[in-house]
Amino acid sequence: QTQGVTDSEVIIGSNQDMSGPFAAFGAPAITAANLYFDEVNAAGGVHGRQIRLVVEDHAYQMPKAMSGLNKLVNSDKVFAMLLSLGTPMNIASFPLLENKGVPNINPLTAARQMIDPPSPIKFAGTSSYYDQMLTAVEYMKTEQGRTNVCAMYIPSDFGIEIQEGAVDAAEKLGIPFLAETKHKPDELDFVGSLTLLKSEGCDLIAVALGVRQVITAVATAKKIGWDDVKFLGASASFHTAIAKVPGGVTEGFYAAAGWSDLEARLGEPEVGAWVKKYSDATGEALPGTGALLGHSAAVLLVKALEAAGPDLTSEGFIAAMEGLSYEDKIANNTVDFSADDHQAADAIVISRVEGGSWAEVARID
Amino acid sequence: MSEPILRVDNLESYYGPVMAIRGVSVEVHEGQIVTVLGANGAGKTTLLKTISGIMDPEKGTIHLEGESIQGMEPDQIVRRGVIHVPEGREVFPLLSVEENLLMGAYTRNDKAGVRNDLEMVYGYFPILKDKARQAAGTLSGGQQQMLAIGRGLLAKPKVMLLDEPSLGLSPLLVKEIFTIIKRLNTEQGVTMMLVEQNAKVALDTAHHGYVMEIGRIVMNDKAPVLAASKDIQEFYLGVQEAGERTQKRWKKRKTWR
Amino acid sequence: MRIIFKKSYDADIGLFKHGFHAFWYMLLLVIAIALPYLVGEFLLGEFTSMLIWAVAGMGLMLLVGHTGQASLGHAAFLAVGAYTNVLFMENWGLPFLLSMPLAGLCAAFAGMLIAIPTTKLHGIYLAIATMAIGILSESIIVILEPWTGGVSGIFAPDIELFGISFNRYANITGMYWLYLAITVLILIGYRNILRSPLGRSFAAVRDSEISAQAMGVNIARTRTLAFAISCGITGVAGAMMGHFSGVFNNETFNIVISITLLLMIVVGGIGFIQGAFMGAIVIVFLPQAISFVRDIINGMTGGSSMTIPGLESGVFGAILVAVILFEPNGLWGRWLKIRTYFELFPFYRRDMFRRQKSYLKTERMR
Amino acid sequence: MDALQLLVSGLANGCVYGLIAMGFVLIYKATEAVNFAQGDMMMLGAFVALGLTNEHYAHLPFVVAVPLTILIMAAVGYLMDAVLLRRTFGQSQIAVVILTIAIGFVFRFVAGVIWGHEPQSLESPLAGRDIRFGGVVLGLDEVFVIVVTIALTVGMYFFFARTKMGVAMQASSQNQMAAYYMGIPVKRVHSLVWALSGAVAAIAGILFASKGSIDPATGFLGIKAFAAAVIGGLGSLPGALLGGIIIGLVEPFSARYLGGDLARLMPYLILVLILVFRPHGILSQVQAKKV
Amino acid sequence: MSLLELENVTLKFGGVTAVDDVSFAVEEGEVFALVGPNGAGKSTIFNLISRIYDPFAGDIRFQGQSLLDRQPYEIAGLGIARTFQNIELFEQASVLQNLLVGRHKHRKSNPVGEMFFTPFVRREEKRHRKAVEEVIDFLDLQPYREKFIAGLPYGVRKVVEMGRALAIEPKLLLLDEPASGLSVEETQDVAFWIEDIKKLMGITVLMVEHDMSLVSAVSDRVMALADGRMLAIGTPEEVQRDPKVIEAYIGSDDAEDAA
């Protein structure tokens, strides 16, 4: 008997940040996933099984994450993990998950380690930060004529991956990587760093900062009259809040991600329907990035459960995952797994803030 | 006899499980000086603290001018005219001497009167005037004691509770303090409750006296009567037969604990 | 009330206050040893985690509770312990039995380095200075990437002892027993310190530096020593934590952990060894209990619909508020009162435990 | 030119720190407690203002929302003390520290539930308007921050030094029992100062939100502000401003001229250094005990 | 050579000269009393001896060696113990533990041994307990042995402080107002104790006291101070008869009374 599966129920776990520094991603992701599961459950579930999502909040703290993991795997005995947030938390969970054969699906981090080194239980949602940067910097050079690359980042796994992406991209393109500044997650003053980068002559800055910090940094650059610089973020900066800052402060900010923004696609029937459902349930006008990712992951899980058939085992489920291939209308990308490709959507979408909304400017597959 | 201004009935106070005063009843009549004598740990301080609201009594009643005040917050009791000059000084160490004194007048609103009384206190204790700007915490022990007394005077109380006012004062100042106490009592009619180790002076000054032992009142009489009592003489006034002192290597214990 | 007749000085000097204590603590130890046969894998994992927190808590308790020095940066010493332990094992091939004490020593040394320049700091000033050091250490871990693996962190190898391999997932029972043994050893050492001149000089420094000095206690040396021992114990806890989580990086030991540690010992009961254990129980089991209650409520109200984000930490915070309002002396302080109540039975008074009004004086006079 | 720009915006940032630090100092000065929820109170103030002004919420005019926010936060501060902290009166300070930390958890939770975890921006008339002197750009928000902070510091300083209530607040922090002996209603005085610091937190929150966006984790800024208060000498109002400005200036200058890891660590290095050489802050409020 | 010598010691606080060019010597085996009005600088002299303050000028010698190059914590080791005017006990500890801290300078064990509580440490502990027990007997502190300081009455604390100083087994004992806050009877106890300390234990005593009856009963020599300066020095009778002392300190009508 596979753990977490009964005739009437399948239990899914999520080790989440619901109240810590990344709650802005975690909380809406869970909301969206639950919305979708409720819908599926109301329609009778998957092969007669109700999906139950158990969420543990680790607030981005390692010891709490370990306790949560212990509870989910050893007490709740979940069948699979979904949307777990945090690179170190995910990495630390792999030994236990591998030991128990629990698949880790679409963690809320785009770190390379989510599928590297490969393992049958590891599945990632979208392209990694590193790939996003590699592609986006090339785009910025060829299409925008940017030739002096710089970086502002938090020296965390997330920040360093983005910085490495930018450095490697510059090297590959034969343009200089001029300068970089490092920041603390609670830093909110970028005048010094920006004047430094300005004096170095940067014209493209790869940013790996918190959402709130990105807004402040871009606004500060405008304020000190530095208009001829472009900021480029990865998927962690591809956030509705950045586009929605009043006064057009963040106009012209670029972000690379594995999906495209909803706002421009509200006309599409699937998108419109989902957005309405989400708004009705939460009262938020427009679902944010977290919600979008949560929804996509939930859809993916349900599709895999369906494909795995009524006789649910880990092996069967993993095989079913590896056979999945479909269009995700909401995220606007193609999910495509195989035995040696555990990354769902490989596309990289580059978007820009225009008139208070994200606009897709390029898509590289 | 008229209703006493302060009447304590059957009071009990505890520190956690420790019973510090056990059914104490005390009467203080308006215009009187009442002294409470007793050895170390008899519960004198506890009694005064309970009256001034710093401690909550477990049982019993306290009436001030016929009104029950037990269990009130201390600041309300001060507003009714009871000021407590505590044992061990308790000054505000980082405030200046003058600020300390003015805090004594916290409940008063007559600026001119406060100024006047401030000068009066400076008159009693000129050293405080010299050190008016110095932080109270850096005063010498005796100076802090003067400050604590002066601060109490500035409140212009109806009833003053004095806990060992002569602690650490020079002999000259002890005399002065008691002169002041007497003067306040006769000239301004301030009622006093006085706890003192220096039983001789206390009985000289007071009209009435109580003796406490292990939380109980064991004697209670007019001050001169007490002063004449043999027990009091032996244990509180230190009167002894001549010559005994140098030989005596043992001593009588007045109580067992 | 139980009255203890002491017949020799040993009665005061002994490890336990009297036979009853010895009996109860031995019983507790027996239960602790038998625990793997009583509970399942999940609970055993949580108990192991509780032991780690208790050891870390003892480290901090020694400093805060018994020496009166607040630290809000103890996660840094957890980190020192965790990293050096793994480095000794990986780079020098030392066995755990050597690497763990060495890691403790390294943490103790780090603590000493911090204590020496800060011996003049007190109370909140020391707390904020150590907090700054805690924040700095997070960055230092990143800077020392060649050793620490930087932000990607390092993996702790399995503990090998007498041919048995201890792994959090493969052999949690073994790990639990190993950690229990370490905890008991540290506990005994701690108790020994408290009943010897060292412990008394700690208490002296806590209560009055001026008179401690007049008694011939070298304040700077005593405080440095207290820091070193405290950080050493915490470092051992760090080494334990490293093996328990298997992998860790700079973010594992952030300021929130330091705050949690302090919170833990205060809730447990500051100034009591037992307080560290009480606190660890709260820190480990309360969130889990909240989760279970939440799951049950969710189950009753029809499954997994809307979860309120952060509800757990909100409830956790609220319960902590309640605990401190209810008993500022912590859970162990409350337990002591309850015990007195029963010992005095039936001679208790109803409101014997009502707090008598208490008042504070400034700590700005040093 | 760079340096001038850095100076000006460092000053403005420093004033925000100083303003939050002032909240710490007020409470410390009057109760000797350290309010670790001060940063979260600031966050709450910012969100209340946002909830009152923003189009998506109550959409009140800014001039109405500001005094309302200050009032609401003063009430929050007052209630925090009257309902919760008062119960720990006379208990060790560390209990209060832990209590406020726990209250901070609850505040963040409440803010998250009401306003969500996504960053939002206050629709403030101060935001995004610049004043230019030559090459130096000064945001209207920054000018406001500097002016308000200095005015508040001076005002509070005189309140504590000159008024009876101010001195009574200091007295009740130095010796609670003696303060009661003098007839000072110590508990009420404490609640008052908590209300005051709630109001200051509201002002800090509004000004901060005008400078950027906010989310429930904004309160962590309180840690840096607390460092500022300690650098200045906890308990000293000018010290809070001084400490705030030191941190405010160190940040941009080290980022500009040192760069790299060192710049990131600078504020905390400075804190440790200052404490090593002046153990109780620059304007030390600690006195040697006389025995 | 005198046991303790102060030579032209001066100390200023800001503008105030608390101790002004004071010189005196305490001989081995005597009880020496310092008297003087409040704020005369008596406690400050104690603080100078225990190295809490650095003098502006002058020298302080103990057994011929200058104390000025000693750290405050080394003073006890040299054999100087003291009590404090305002009582500085370890509040959160029992009487017994307080006294045991007094044994700190006699400690021979090291922290590592203490962590393992070796038999040596245990033997040492017993030795300290024995010594402390003698002090407890001497001062009649038995009823309070296990009591926490925080709940003790003022007078008992004074005695505990004295006991803690005695546990050091000093050569010189500094007592700052040992009888303040004590009743007449308790003051008599103190007088007996001081006599015993001098005669039986052979400890030299330097004492500050306002109770002139105690001063004249126990002290061999008295020095009167005022405003930081010496007024008079001599036997208790001589000093109490000194008109300057009477005017500044005792008050006229009390002079014969106290003598």
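A, B, C, D and E label the chains in the order they appear, each numbered from 1.
Operating definition for what follows: a residue touches a chain if its C-beta (ideal position, glycine included) is under 8 Å from a C-beta of that chain, and two chains touch if they have at least 3 such contacts.
Not measured: the values here are computed from a predicted model.
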* Asked: Hey, what chains does subunit A share as contacts with subunit C?
  -> D
* Name the chain whose C-alpha centroid is most distant from the C-alpha centroid of subunit E. => A
* Centre-to-centre distance between subunit D and subunit A (centres being mean Cα positions), rounded to whole Å -> 35
* What is the distance, in whole Å, between the centres of subunit D and subunit E, each centre taken as the mean of its C-alpha atoms? -> 47
* Can you check how far apart subunit A and subunit B are, centre to centre, with Cα atoms defining each centre and the answer in Å? => 73
* To do: Averaging only over C-alpha atoms, locate the centres of subunit B and subunit D and give their separation in whole Å.
  => 44
* Mark out which residues of subunit B touch at least two other chains, giving numbers and ranges. => 15, 54, 93-94, 137-139
* To do: Please set out, as single numbers or ranges, the residues of subunit C touching at least two other chains.
  => 139, 142, 210, 309-311, 313-314, 357, 359, 362, 364-365
* Among the residues of subunit E, which are close enough to touch at least two other chains? -> 43, 52, 84-86, 88
* Chain-to-chain touches, reported pairwise for every pair that qualifies -> A-C, A-D, B-C, B-D, B-E, C-D, C-E, D-E
* Asked: Any idea which subunit A residues touch subunit D in the complex?
  -> 19-21, 23-24, 26-28, 155, 179, 181-184, 186-193, 195-196, 199, 211-212, 215-216, 219, 223-225, 239-241, 244-247, 249, 284-285, 288
* To do: State the interface residues of subunit C toward subunit A in the complex, per the touch definition above.
  => 40-42, 45-46, 49, 53, 139, 142, 150-153, 168-170, 241, 244-254, 256-257, 260, 284, 287-288, 291, 295, 303-307, 309-314
* Asked: Can you list the subunit D residues touching subunit B in their complex?
  -> 164, 167-168, 170-171, 174-175, 177-187, 285, 287, 289-290
* **subunit E to subunit B touching residues, read off their complex** => 13, 36-40, 43-44, 85-86, 143, 151-156, 177, 180-189, 192, 210, 212, 248-251, 254, 258
* Structure fact -> In the complex, subunit A touches subunit C at residues 18-19, 23, 26-27, 30-31, 34, 37-38, 41, 50-57, 59-64, 66-68, 70-71, 74-76, 88, 91-92, 95-96, 99-100, 113, 155-157, 159-160, 184, 281
